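Look for chain A in each of the two complexes below; its partner is chain B in the first and chain C in the second.
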Partner chain A sequence: MQALSGVQLSAHAGGAELRATDMEIGLRVPLEAEVDREGTVVLPARLLLDVARSLPGAQATFELRPAEQDVEVVSGSATFHIRTLRSEDFPPLPEPGGENVVEVPATAFVETINRVARSASRDETRPILTGILVSASGDELRMVATDSYRLSVKETRLEAPLEGGFEANVPARALQELARISQAAEADTLTVSVRSNQIVFEVGGDVLSSRLIEGQFPNYRQLLPDAFEHELTLTSGELTEVVRRMSLMAQKNAPLRLHFAEGELTVSAQTPDVGEARETMPLAFSGESFEIGFNPEFLRDGLESGDGGDLVLKLISPLRPGLIESADGSGFLYLIMPIRLNV
Partner chain B sequence: MAAIAHLDVDAFYASVELQRRPQLRGLPVIVSGSGPRAVVTTASYEARRFGIGSAMPTARARRLCPEAVLVAPDFAAYREASQAVMALVRRAVQRVEVVGLDEAYLDLEGLVAPRAAMRRLVGDVRAATGLDCSIGIGPNRLVAKVASDAEKPRGFVVLTREQACARFAEHAPGLVPGIGPKTVARLQRLGITTLRALAATPVDTLVAAFGARHGPELQRRASFRGSAELTLVRTAVSESRETTFDADIADAARLEAILSDLAGQLCERLARQDRRGRNVAIKVRLDDFTTVTRARTIAAATNDPAVVGEVALGLLREYAPARPVRLLGVRVAAFEAGAAQPDDDQLALPL
Partner chain C sequence: MRLIVARCEVRYSGRLNAVLPEALRLLMVKADGSFMVHADSGGYKPSNWMTAPTVIEEEGDPPARIVVRKRAGASEDRLEIEIAEVVSDVHHDMGEAAALEKDGVERDLQEALAAAPQFCGEGFRLVRREWPTDIGPVDLMCRDPADDWIAVEIKRIATIDAVEQLSRYLERIRLDPAMAACRGILAAQSFKPQARVLAEARGLTCVEVDLAVLRGEREPDLTLFAA
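Up next, the complex of A and B:
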């Protein structure tokens, strides 16, 4: 499938379009162009990118030379001839539209993605967990992601109710790509077309399509404990800073240790042959002291996804899940599983 | 004089299963996955009487002994049992090299009564876990290892180097760790079929046949000369299995079957060593000797044959060899560090 390492350049009456796909995600980006002759060609993506970046002029002309099977690129005083790839192998990319089309505010959508995406699994052997479960209906947008070690939920209240709605398990990779495109496009609205096994986003003229992940996404509600022993309010960023510092000494998968005692929390980390660190901060903890271990990266992700506001940390015991919540009730939940500590 | 003990738990996986299901005692028990290409992980001693052994295809084992009870492996239980055994080992001696879930070398230096200490350890392991183990004691690792294997199960064999040479003189060279089947076959072609003969072969002959490094090493091993050093921290960075075919193979389905097998063998070894890696790679050599490797890193370290096999097959399908293949291999790297396996200790949501 050589064509997949290529980018398709299509010239038609209205302008030009670049298309690329890896068979899971497809992207179409319109270009402003003056078209003399319509046509479609596939060029090696990496090379085209390097060439385009290096072009001396502000504009370039592309001309397909069928006899030579190449494309002539002229910009300023530079001329390139780039051999084309087989166009027939390039799959057609989905068009937006269809029966279920929903318009969502772009900023809210992207912010919600960014709050949960880090929890999505990268383990391709469990495909369901590599997606983000996106639910949109009424004035609520909700995204859930988990890699089984932590679980993020963000519920975003929309300013105006949506017309229509959908629920889909979208590859996290596609949504992260969408977040990048969307931030660059600076568009207000995102159009989402949902089909049985496909989702197509349109933002500022760019079209990103992705296959959907089949299968039942875990029911996250039943994973959330009904009650917690301890509920601790953390002032914005306070614990995050301590955790970042202490994490420096938690290398090679060493856990971060959180020791709670009357009125204080001590965070420590130790890596054999590297060193150790310890820091104590005041905290309104009362009750029998205990120690719980977390993967430093997972804990940091949870604290940072809190987005700077005050957080509530809820714990039960050293081997039960912990929960990080935004204190202002803004609908962010981060469930994190501890690491068993060998005292 | 240095003294090393080698402790080996008898029929480890099968014995752990028998502890959990006493009703299976006395029956031939095979611990194995159930797929069409599963291999035997361990067989109880009852099953071994039917000629069943580790790494044998399960289908064949079932033909040899249709009444055998098949038990699916439960590595979490084996790890737990292993930790219990190794904790006792560490209480008995200070310097330990754990080489697998069921195997460790112990440095006996400094013990006032090393044999008594080892007998007490065997008793403690039995009392605490119900598992039997065999002990071999010798001046170096090689003697200790071969001695622990000599009278399994419940063996307790103490040998000097000279005694080991005498006792195993007529055994095939393959008895000694580090002399593999290919070397054994080549030795046989040279007319060398016993350890005695190998030990007596002039070094020059061995150097000519096996090279300047391997030749003398073979003779050292045949004479049970070896290191008494324990490696307290293991540092192997990757583990692999590969095979060169007798005839080049172009059929994708056959290549996939072979790759699955290799992944299974590799994972069995990793599981025995209690190691898990995050990086899975394949190696493919084509008939024109083009050699490529393709690797993928996954989120969580694993030694699960299903996971490693699936990633390896994915890599093979993506590469889609354009010519017949002469060598195929699979490798797992990026192991989790240290004994505190985060995979064991990192708790997961019940998804």
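Up next, the complex of A and C:
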């Protein structure tokens, strides 16, 4: 549908609004405007963006010229005539409100999104895993994401209990967009309206809507091992830096090798025809030494998703999942499956 | 097969007119009459070609001019090659060509899954390959540890059509009261997103399989759960 490649510009007595949607996510952004004549028009999005970025003046005038089927954009000494797209094809976007409306603190919500979003799958053939399971009730906000190779859980304690609650599997793409909008809006709270198959967020006047993902989200609690063989507390920053450096030599799906020995950890990587790297750091490890392999990107994501403080690394054996946990009990868990190492 | 490397100019006339200016080119003349002009760039496609049947006329030895003609309705397609210099001109007897053998086709998958039905579900055992129904055979019929029936349809790429096909088989299989609870599994190397959604909506299980893993050539990736 051609109209979906466009942005709907709606001018009404109170101001103007920009709307865009890909049928999965919809966004409405209000604009301050002096409106002489009300109307709605759809303009090609990419072109409008390029034009808007290039305008010489601080303000612009938009005038619909029905006879020419275009919009005249004037700013400073520049004039553009942009052909319109079929307005009637543009779908209506949902309004916030309804029976289940919950107000949540924006900063906590965005921080929680940012801690788990990387674990959501990007594989569209597994739609359930492309979402983040968001649960909010009482004074707890919890988000869970997994792509079956790793699992992120963040439980955020809220300063004040919520009025109402919800649980929904929201596309990670929508939540990442919401995080960007919220950070730009600098609003204190965001309003969440939950319906049977749709969720609408309102933050600082912007309205982002998304369809919900249907189906049973994996029971993440079942995936967390009951006990671990090794529990190591370490400084997140130090290990993150080592992992980043060594990852440079783990190309073409090569694993990152973590060799635990008495009092030290050696991180190494090798890519045939490219090279290899190795770095040893002190670590309070005791017991029989062992080696475990991880996808470098997934391990880095887990380490970077922490809050930068100390973390606890829990391991069982080279073929069982490892757990990265915030040492301060801030409610962040990152479960990561190892890669088999061909010794 | 005749391969001529020559500095030449190629003129095509027919549905349109086109000229390849003089340059070093490879002229391929196949025994079946097809004719191709290749450059050392531009990918696998010839710069110009004419499919068989063609009439090929040649002047000079070494060739100074080659004309390839083909009837195209009322008109004629024509390639005229003016050769300035022949660098190489060789003939090869290619013999009988064996047909392309494709690995990873549905039959290979069926064979591998029949040998290792546990990849479709824990404890599955094979009852029969090509289980007959009155609208065609379903690829595998298995039983699970509880002795329940499971029909498995195998595709290289699972599409909505594959879901429809398995649904139709199940409809027929379940007419037998002894198999009324028969479940369906769609096994494929990859799934179209719509096929997965429709399959799940119809209560069918999707199982993604990797032929190399099935054959034991590669260990499966470790995952937290079966996705």
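Heads up, the rule we're going with is that the second predicted complex is superposed on the first by the 342 of 343 C-alpha atoms of A that agree within 3 Å, B and C clash if a C-alpha of one lies under 4 Å from a C-alpha of the other, contacts with A are read in each partner's own complex, and residues count from 1 in each chain.
In the analysis below, a residue touches a chain if its C-beta (ideal position, glycine included) is under 8 Å from a C-beta of that chain, and two chains touch if they have at least 3 such contacts.
Everything quoted here is computed from the prediction, not taken from an experiment.
For the composite obtained by overlaying on chain A, chain B and chain C cannot both be accommodated without a clash. Shared-chain residue A:Ala184: touches no atom of chain B or chain C.
In the superposition on chain A, A:Pro127 contacts chain C only, with no contact to chain B.
By the touch criterion defined above, A:Gly215 lies against chain C but remains apart from chain B after alignment on the C-alpha atoms of chain A.
In the superposition on chain A, the chain among chain B and chain C reaching more residues of chain A is B.
Looking at the shared chain after the overlay, A:Leu49 reaches neither chain B nor chain C. Once the two complexes are laid over each other on the shared chain, residue contacts for A:Val274 go to neither chain B nor chain C.
By the touch criterion defined above, A:Leu248 reaches neither chain B nor chain C. Applying the stated contact rule after C-alpha superposition, one finds that A:Met337 touches each of chain B and chain C.
By the touch criterion stated above, A:Ala78 is placed in contact with neither chain B nor chain C.
When the two complexes are superposed on chain A, the residues of chain A that touch both chain B and chain C are 121, 124-125, 129, 146-149, 151, 218, 223, 319, 321, 335, 337-340.
Those residues of chain A that touch chain C in the shared complex are 121, 124-127, 129, 146-151, 215, 218, 223, 319, 321, 335, 337-340.
Touching chain A in their complex are the following residues of chain C: 190-193, 196-197, 200, 219, 221-227. Residues of chain B that touch chain A in their complex: 296, 298-300, 306-307, 310-311, 314, 336-338, 340, 342, 344-351. The touching residues of chain A, when paired with chain B in their complex, are 121-125, 129, 146-149, 151, 218, 223, 252-255, 272, 293, 295, 319, 321, 335, 337-342.
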